[in-house]
């Protein structure tokens, strides 16, 4: 694990000298990074059934926070609250406070919230339109008046897809492979310049090579974007994230810098999970 | 691969005030909801209006004749005396006779398509039979006049008289038009529905049922007839009701070959009349308001009968979908 | 089990199964017989005159059905603009917005409307559109046909909208699209293939309807200017000419029937090839 991180750091150092290595970032994380999302005493209910219990969490800006835990622990449910996607489900409600940059997301206009907080889903879900139209979709519906082509190219570059599709922009999105489609969905989400990107197990349907590509592009996005990723792949959390939160049965058990959580977990349940004793 | 080293300008213009946007957004969604709801409600409105118009339009005859309308067999537009029996009789006779032939025929074909034919052949034939269902009524009517009627007069009629002429059903002169001809035309119009629906229902019968029967030593036919078809019987009944509703409401083809005689006769060779046919023939030329009202009342009767039949058919189809139809 | 019984059962098996095959192929053969008859009897009449000339006075030979062809097109146009929007929007309501009881009522009523005999629809259109103004018109005919288009369109729209997976709705909403924008820019376009096919099938179905036109469009020997006059249509030609005593009109009835049959079959074959056997059934 350590050598992989070191390799990545060197690659990062070569490509983007401004980005500090993870080691130095790990030194003073809480004081350096602003808090993007502040979640206080979140209780979430599907009708009568409670799925999240008293969750408190701070998601720092320009960092990647991973949410891990066994199936059904509520991590996806929690994630979907951050852009109010749970509102599409009848009977879903929550108590507690979720603040984005200090503002309560319940008070915000939900359309604006979703533009600021983007989402990438577990299975790639491109629209049955061309690659270009997929990426441009968010821009068009939000009334973007600038140069669409430039922005589409920019987003595709950020998603590490541009070189592969630049000559086929008007082909259908379904002509792409699964991994390419997922990167297209990332480009689509990035096109509206979200401040936060929520990723709900984005690599679970993909092969290791594509997974690595996506982890790498996430690393490069940190500068401009805060990310929260739900993953059931602990190696991915360890590789790719700065902070990790471990959830169990709807409760947040432990949350700290990734390296600390994986090497010296405080809670025995965390240790049991990461050493593979359950989940 | 290029990386973002400088902050990107916000591509989307910042929203001007959260309130304004909330209002515009909510407004858009609610407008859409309202508009689509209005059009959906329009359907309710129009259908209610239809029933209302039928009810009001038939008021004169309902007032004058009441229930005697339904057991009088006088139809005298000049004298102003109207009764529904000849038309109800004609409608029922032609439709039931058509079903008598169409159901075994349709079921047999459906069995072939569901049980015996290889999938591709089955799909192709089913596709072609669906095309038959799409053929307009007036086309069948044309064929009725120029093909079935002469056939009835020259071939089928004499053959029946020769073999079964002792029955009152086949006595009397044979002009080619009449109950039997209309029924035969209805058969071919109604068979595609029976085949289409029955085939689909038969295809849903679990393989294990067939295999259990065959495993016990039954022949293919016995397995089909004694196990598979009974399993699907609710759905098949549904298809029969649908076919019956279709036959009852069928206008053009029947009008062109029924003979237009509002009398009850025992012979199938005799000309008759159906509700739909008399409306088609006399509505435009109705001699009085009472005449027109009588026709509308007949239309109301037809509407009610088809409404009930379709309702029962839907119930049966819903029951099949829920996995019913095999009460032991 | 006795040998005789077994032989009997086996023979019965062969006989009955053969009969089912005969039934199936027999029914299909009818389709080809019908087509054959029409081509045989009407094919030779499909000349230029037939398509371009007006009908000649009763009993005279010659002339054509140009006004009926135009009339059918006009009526279909009216049926489309009256019935398709209602069907589409009601279908959108049922698939995307509907509340439980109200949706049930709408679906039930739509099915009811679908099952109403076309002659009754004709009478209804008469009382709404002919009686108040005391004359027959293309508009009344178009309205009657439009009414018949609605149930088929509603069912097709709802079915194809429901078939679009929820993940697409979520993707659009996560980008900040409001509900109606999601429906208009993603969901309906994605379902448009099936919806348009359903609409075409609905129009093909009403193109052949005669009964609703008898009391509304009535028929017309001449051209029908505008929308407020009685108008001719192909199905009316087939009907009226077929029951007439004139041989020449019989010939033209066959030809008109051939045109009608061809159009309806072509539309059905085309549409079904596009969407496959799943989807809109004519029942």
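Think of it as A, B and C in the order they're written, each chain with its own count starting at 1.
One rule holds in what follows: a contact is a pair of C-beta atoms (placed from the backbone, for glycine too) under 8 Å apart; a residue touches a chain by one contact, two chains touch by 3 or more.
Here the structure is a predicted model, which means the values were calculated and not measured.
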| Central chain (by mean CA position) | C
| Top chain pair, ranked by number of contacting C-beta pairs | B-C
| query | What is the distance in Å between the mean C-alpha positions of chain B and chain C? | reply | 14
| field | chain A-chain B separation of Cα centroids, rounded to whole Å | value | 56
| query | Which integer distance in Å separates the CA centroid of chain A from that of chain C? | reply | 51
| message | Give the residues of chain B touching no fewer than two other chains, as numbers and ranges. | response | 25
| query | Which parts of chain C, given as residue numbers and ranges, touch two or more other chains? | reply | 178, 181
| Where does chain A touch two or more other chains at once, residue-wise? | 111-112, 115, 142, 192
| Residues of chain B touching chain C in the complex | 25, 28-29, 31-33, 35-37, 39-44, 46-47, 49-50, 53-54, 57, 105-106, 108-109, 111-113, 115-117, 123, 125-139, 141-143, 145-147, 188, 191-193, 195-197, 219-222, 225, 242, 245, 248-252, 256, 276, 279-280, 283-284, 295-296, 299, 302-303, 306-307, 310, 314
| In their shared complex, at which residues does chain C touch chain A? | 165, 167-178, 181, 185-186, 189-190
| said: Under the stated contact criterion, what part of chain A meets chain C in this complex? | reply: 83, 85, 88, 111-115, 118-119, 121, 123, 125-129, 137-138, 140-142, 185, 188-189, 192
| request: Could you please specify the touching residues of chain C with respect to chain B in the complex? | output: 9-10, 12-13, 16-17, 19-28, 30-31, 34, 37-38, 41, 85-86, 89-90, 92-94, 96-98, 102, 105-106, 109-113, 115-121, 123-124, 126-128, 147, 150, 154, 178-181, 183-184, 204-205, 207-211, 214-215, 218, 235, 238-239, 242-243, 250, 253-254, 257, 260-261, 264-265, 268-269, 272, 277, 281-283
